[in-house]
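Here the chain labels run A, B, C and D in written order, and each chain numbers its own residues starting at 1.
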Amino acid sequence: MNYTEILIIPLIPLAVFLVLGIFYSRIKPAVSGIIGALGLLISTLLSIKVAYQYFFVFSNDGVAYQTLVHKTVWMNFTETLRIDMGVLLDPISIMMLLVVSIVSLMVHLYSRGYMKGDPGYTKFFAFLSLFTFSMYGLVLATNLFQIYIFWELVGVSSYLLIGFYYTKPTAVAAAKKAFVVTRFADLGFLIGILIVGFYTGTYDFELLNNPEGSPILSWAASSFFGMSVLSWGLLLIFIGGAGKSAMFPLHIWLPDAMEGPTPVSALIHAATMVVAGVYLVARLFPMYYFVEEGIILQVVAFVGAFSALFAAIIAITQNDIKRVLAYSTMSQLAYMMLALGVSGYEGEAGLGYMASMFHLFTHAMFKALLFLCAGSVIHAVHSNYLKDMGGLRKYMPITHITFLIAALAIAGIPPLAGFWSKDEILVAVYEKNTLLYIVALLVAGLTAFYMFRIYFGIFWKRDPEYASTPHESPATMTIPLIILAAFSTLAGFVPFGEFISADRMVLEAHINLPLALAAVATGMAGIGLAWLFYRKETGLPEKMVDALGKLYTWTYHKFYIDEVYLFVTKKILFKRVAEPAAKFDRQVVDGTMVGIGNSTVRTSEKIKGMQSGKVQDYAMAFVAGILVIVIFFVYYLTE
Amino acid sequence: MIHDVSLYEILTVTSILFFIGIYGFITRKNLISILISIELLLNASVVNFVVINKYLYPDVLQGVVFSIFIIAVAAAETALAVGIIINLYRQISSVEVKDVETMKY
Amino acid sequence: MLRSVIYLAFVLISIAGIFFLIDYNLLAAIQLTVYAGGIIVLIIFSVLLVHHIEMRLEMASIAKRITTAVLCIVGMGVFIYTIFSFEFKMVDNKQTTTTEAIGERLLSYGEGGFILPFEVISILLLAAMIGAIVIAKGTKLMVKNNKPT
Amino acid sequence: MDILSLFLIVPAITILLLVFTRNLGQARLIALLGSIVQFAMSVHLVFAYIKERAIDDSIMLFTKDLIWFEPFNIHYSIGADGISVTMVLLTSIVVMAGVFISWRIGELPKEFFIALIILATGVYGFFISLDLFTMFVFFELAVIPMYLLIGIWGSGRREFSAMKLTLMLMAASAVLLVGILGIYFNSDTAGNGFTFNILELAAANIPAEAQKIFFPLTFIGFAVIGALFPFHTWSPDGHASAPTAVSMLHAGVLMKLGGYGVFRVALYVLPEGAVEWSWIFIILSAFGVIYGAFAAVRQTDLKYINAYSSVSHLGLVLFALLMFNKTAWNGAIIQSLSHGFMTALFFALIGMIYERTHTRDVRKMGGLLKVIPMISATYVVAGLASLGLPGFSGFVAEMNIFVGAFEHENIYYRIATVVSVSAIVVTAVYILRVVGIMLMGPVKEEAYLQLPRVSWYERVGILLLLLPIIGIGVAPLWLSDLIYKSLHPFIQGVL
């Protein structure tokens, strides 16, 4: 392999970021867009080349795929622990490389149209490049600390991009929320890293992931509250992943993050950054699987299943199309987590792992497409809300078709991409746990339902009174849509099992017909229901709302999770901890210090009278003092 | 030289004189009274010098010489003090200690 | 006020008497001339100059007077006790110190001579004299100097 | 001429020249020249040190020893290892930036710069001294100008703050002096007479009983200036009242004397006492880390926020120092440096913002990003650096500290580490809160729209501080190598 080429892939966006950042005011907006897109095009081509070389030229048939590492020391901690910077090539990192490159390139192209005329155009591309760089770094990370470093960097790029419209208070709040919530999760991640590093003596993925290696085998050596310390570490790392991938209960930032520009939502909050959590678990999969017999994987599976259902239910009631998509993203990510959670390691048992990665890949394509379509729609009607849309199929044919393809894909209708990957997940779950399978199937149905709810709402419903006739977006925006639509259609036919599997061996995936039929049927049922509810305009939705009553209100308010958080942070942490801390400091700690000073002052006030300046008083004191001394010397010392 | 009066008596007298001077110095509020008290103090010490010189070390003259110096200094001091008092009186028409306190500030 | 000065004069004269008794005639003379003659006169004049007959003599507060009195009595007790508990080696001596001896002692610059302190004292006296004059008539001088031409 | 003494001579010459200046223009020119020379020297020192280190294995390099008070065996003894070299570099950069930031100091410019450079001299002297007593003298030399600088050129309740600061630091000095004298009078273990020399003291193996008595004194004496909870309260008031450049120097450099002193004196000379007492100070400093962060969350004055943030960050330094682990120590030193640059940058930015808006109350500002983009963007960057974002120095430091501290064999120490790690979340909250309220959002006042843009000297000042932050953050290896090697004798002393 040519490592220079691989190194160039992340360095190009970094260079673009630096150039745009330093010459911020001197660069013309249009030029900056071109620089960004061009840079990324090179990166994308290189990624494709690398992928081709890895899978086809370099591949050794019949043997497990090798992990290729090229690294250099960045910082030394101790003799064994150190942070390396480098690139690690294995099937999943290359798959992610492709995902990031393609989606990012599409978003770059799309943004040139979407952001046109925005005063922060250059800044936008700079941040986008920064994000892409960080994401590449994350994907290619060779060790836990490198992944953490870029993890933080993508977090901050996300912060900057969500807060891109910084004069909007909601955007500012959302950015802050996103950062703080993920930061909180990262705290878990960091502690997890510390624990893993301490007990295994290494951060290197290569060493950590070796099923027979000492790091994994060391789990039995220590225990803490009934679980191996290493399991605690992995659980904490999973919390980090859950924060980024918006698993319940750390999901609250994701819907708010939709305050950012729509291309950002497509890139960061649908296709790439949010899958980092899934990627992290997949990256450490052998550890998760082998340490204490996969106890943490069960946690992963249940958290995944619950989040998937939870998010899907909320998605039904939301009226902001981007929020629906956000909850959908959360639900799909949870799906991937679920698949990882139920996966085994070797051979057929590793189907869940493969399915999860497969779904990650396809989901990135169609969810990015969905967001970009939504962006196109929002661009046309200047609103995020369903009530301001309707009948747009006449005005925006390309957007309409591409959206439909994406919606069908996510609903799991063959032969689109979503069907294949979702089917694999369902098979994997079915083989493991029936309860989880039912949940997963239900989620699939709900997914189809809410997707078509907004589809009908946007494109079919009666026109609202448009202030100006909406029109199709410019070519810069529609071309990426078309390309992504093509990917969404075709991605399912990639023989994914040949490239990616838990044990790196070729995995022959085959369609389990009854299960596939059940999945398709559920999807169709969801679509049909949506058609009944929202296409026919029978007033059914309102009736349902009335019938469900409280339940609907709860769902509409996202089960008040936000309020709980707000209560905890505002009322408890701020009011009960931070404010008392500040007060305590000013009054008690500082009060003590100032009090010492003041009491000195007061004492001196009191004894100031003695220093009256009257010679006679001094004389008296003098005489008295002399007397005391004389008496002391004469009658005490001479005794 | 007298034999009826011993050193002890004279020293007793000077001690009494000395402490009368101190008492006066501390309790009087009038500058001139304070001055008088100081004279008493000085005189008590002068007598001590002289008497001890006479009774114990008749061969040397240090005590006498010092007495002369003390007297000289006392004279100078008194002259100055009186000068100050008169000047003060001219300025503030008082020679009470409490009135002079303004000078502290 | 004047009375206390007269008492002071008596005290000083009595001290001169002590000097006479112990046969230090020169000192007695100095005591009489400088103290009884010079200082007392100075003080009397100053009293006369600054004192009005109707002025009440102010004293310190009772508490302070009592404290001081106690202090003084204790101190005196200590002194007298010490004096009487100490055995002085009395030297019998009949010789009269002459003025000549004192004078030679004062002006000798050999071993045990007091020429330097003597000179210092004379300068001090001079300075005090000038100082006293300047201070005593300070305001007038200042007024004169400040008078615009 | 040895190159370390130059760090005392050049400032002295600068001060001498400053005495003859007549107006602001001349004064700042001289001060600037002086600081540039110092900067050049410190850069040269770094390279000279690296070159010398390759061939010389002794603990201290560039040593020089002159006796200046025979009866007590007090020497003017100087030397440098990797730690002091980096500290000197930090000082010179912050001083230079401080001069740039004070480009338009209003009243008494000459005296201001003189006091500033006296302070710097004290700090340089402190960092290169190998003699406890000389070190103490320089310590005092650095503290005293602070009083004048805050009292004369400060704002708000400046007399009170200056008084409070000076009194608390003086009280600390008194405690410290007792500790130093205690060390001194117990130093004669080999029968060669008492000594103040740190290296000799470390080799002398002071009796354990004496160590246990004098370690807390020495530690607290130094830790007060390092803002150890609960002795930190001088810092918020002091910062709030101090003029910009003084805040910078104060938080950026002066507070580092604490950590450095603890490391060089308390830990090195009194290792057994340190082991004995570490638990209580670890609790205090870990608590201080969290506590400072929480206290910062509710502040409204920018300088107070930053002061409490300093309490939190420097608590981490002391925390790491007490872990007796090379990695943690390495982290502590880098944290000192990184915090030095970061707070200096913060205070510089706060000063610029205050100069323009005439308020430091975050609630009164808003949307500054639109109005003064350069300053605001740098503020965001500084904020991100402060909350430990990778790519900035803070991350490198914190990770070293956390990893090192977590290596401790005692589980309670590891739990304390986890507790202090959690401060990173709170840090994020208070930083982003300020950024959100002050820099983002709509512009609150019409008048802000006409705020003057950043001027060239401010730009230079900002860059001077920003570049090292990024430099350390992106390529930490050279710095940590520089420090790491110098830690070796210390860890041997302890274990």
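By definition in this document, contacts are C-beta pairs under 8 Å (C-beta built on N, C-alpha and C of every residue); 3 or more make two chains touch, one makes a residue touch a chain.
Since this is a predicted model, take the numbers as computed values, not measurements.
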| item | value |
| --- | --- |
| Chain pair whose interface holds the most contacting C-beta pairs | B-C |
| Chain occupying the middle, per Cα centroid | D |
| Subunit A and subunit C, separation of their C-alpha mean positions in angstrom | 99 |
| Geometric centre distance via CA averages, subunit D-subunit A, whole Å | 36 |
| Distance between chain centroids, defined by C-alpha means - subunit B, subunit D (Å) | 63 |
| Touching two or more other chains - residue numbers and ranges from subunit C | 60, 64, 68, 71-72, 75 |
| Contacts with 2+ other chains: residues of subunit B | 22, 26-27 |
| Contacts with two or more other chains, residues of subunit A listed in rising order | 616, 620, 623 |
| Chains that touch, pairwise | A-B, A-C, A-D, B-C |
| Complex contacts: residues of subunit A adjacent to subunit B | 613-614, 616, 619-620, 623 |
| Residues of subunit C that touch subunit A when the two form their complex | 60, 64, 67-68, 71-72, 74-75, 78, 82 |
| Subunit C-touching residues of subunit B, taken from the complex the two chains share | 1-2, 5-8, 10-12, 15-20, 22-23, 26-30, 32-33, 35-36, 39-40, 43, 46-47, 50-51, 54-58, 60-62, 64-65, 67-69, 71-80, 82-87, 89-91, 95-96, 98 |
| Residue numbers on subunit C that touch subunit B, as the complex places them | 1, 4-5, 8, 11-12, 15, 18-19, 21-24, 26-27, 30-31, 34-35, 38-39, 42-43, 45-47, 49-51, 57-60, 64-65, 68-69, 71-73, 75-76, 79-80, 83-84, 88-91, 93-95, 97, 101-102, 105-106, 112, 114, 117, 121, 124-125, 127-129, 131-139 |
| Subunit A-facing residues of subunit D, complex | 163-164, 167-168, 229-234, 236-237, 291, 294-295, 297-299, 308, 326-327, 367, 369-370, 384, 387-391, 395-396, 399-400, 402-404, 406-407, 414, 417-418, 421-422, 424-425, 428-429, 432-433, 435-436, 439-443, 476-477, 480-481, 484 |
